[in-house]
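Order of writing sets the labels: A, B and C. Residues in every chain begin at 1.
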């Protein structure tokens, strides 16, 4: 279910894939996402027709190694789980892709079970025969 | 109002447009979106600087024909309407673009009427003179 | 904190940057975003592998100068502030980038303080030692 977008500058296929694995492994390890529950859109911007602009919010000096991760998932994860997720993404992005933790920006968006269809026009989490709430 | 993003792999202009029409017609037919209420961002990723990664969540074997649709719209649609929307998107994406239903992934994000401005810096759904809630 | 995506057609680096500055200055001026709180993903679509499709919702005749801005931010801004934000974005996009107000589309998505990590795997807004809600 998590739908992940990762945006980075001048990232090639290998780096995008490493970042994708970092985020997915962190999701599996910290918030119990099933390994097959993998949906990612990864973009390496060229700096001209695709740009990332960033500041020094909360202190760290970011640079063009910045990686912006947005994750859409069902509501209900506790703050503790979310903190564990952020920590693990930062660790694994460093390990797999060499991304420095100061460059790792993450934002979550939550929705509800009925807001997902994974194939075949079916609302998998809500079920076809449940009464309407 | 729905703002639609469609991400696919190696899709050319014709395929992107067909997918866009499929999603828009489904919105018009199932949740009463006005025909002119069309705002879509369609991206055909090249597989190198733009990638989609996916697993077999909920069973179907997906392949590079995968299409990821995200729709932002005002809250308030019932589960039944959302189910009808998913079903119709899958049907029309197959009919217009040849996308197999197993490859069609859809996620919704909801916001509120005040969260939209369609032109001219105006909050069209909320109205300029309503009292603040 | 606001995470801003801006999508436009055939925009070069200068135009993307001008649009980015317009949105960021408007955020700073109307909803008290700190100047360094800048996170933007700007994309100039080529019209072939990246497309924008649009209609005439709410009347104005849009054209390929259309700019779609999506902003993710913490909940809590009043309708008045949001209206001021939309107005200022439209003004500054005209001033900085020559974007006509009829072509400026804006959508907001809200999340919560715990939903952000700006670096180092830390949930900056929620704090590491707060009790769980």
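Assume a contact is a pair of C-beta atoms (placed from the backbone, for glycine too) under 8 Å apart; a residue touches a chain by one contact, two chains touch by 3 or more.
All of these numbers come straight from a predicted model, not from anything done at the bench.
Residue numbering shows that chain A and chain C use the same positions for less than half of their mutual interface. Rotation angle, chain B onto chain C, C-alpha superposition: 120 degrees, expressed as a multiple of 5. Taking each chain's centre as the average of its CA atoms, chain A and chain C sit 19 Å apart.
For chain C, residues that reach two or more other chains under the stated contact definition are 45, 109.
Across the complex, chain B is touched by residues 7, 45, 47-60, 62, 68, 70, 78-80, 82-83, 86-91, 101-110 of chain C.
Interface of chain C with chain A (complex): residues 1, 3, 11-13, 16-17, 20, 24, 34-46, 72, 109, 111, 114-124, 126, 128, 130, 132-133.
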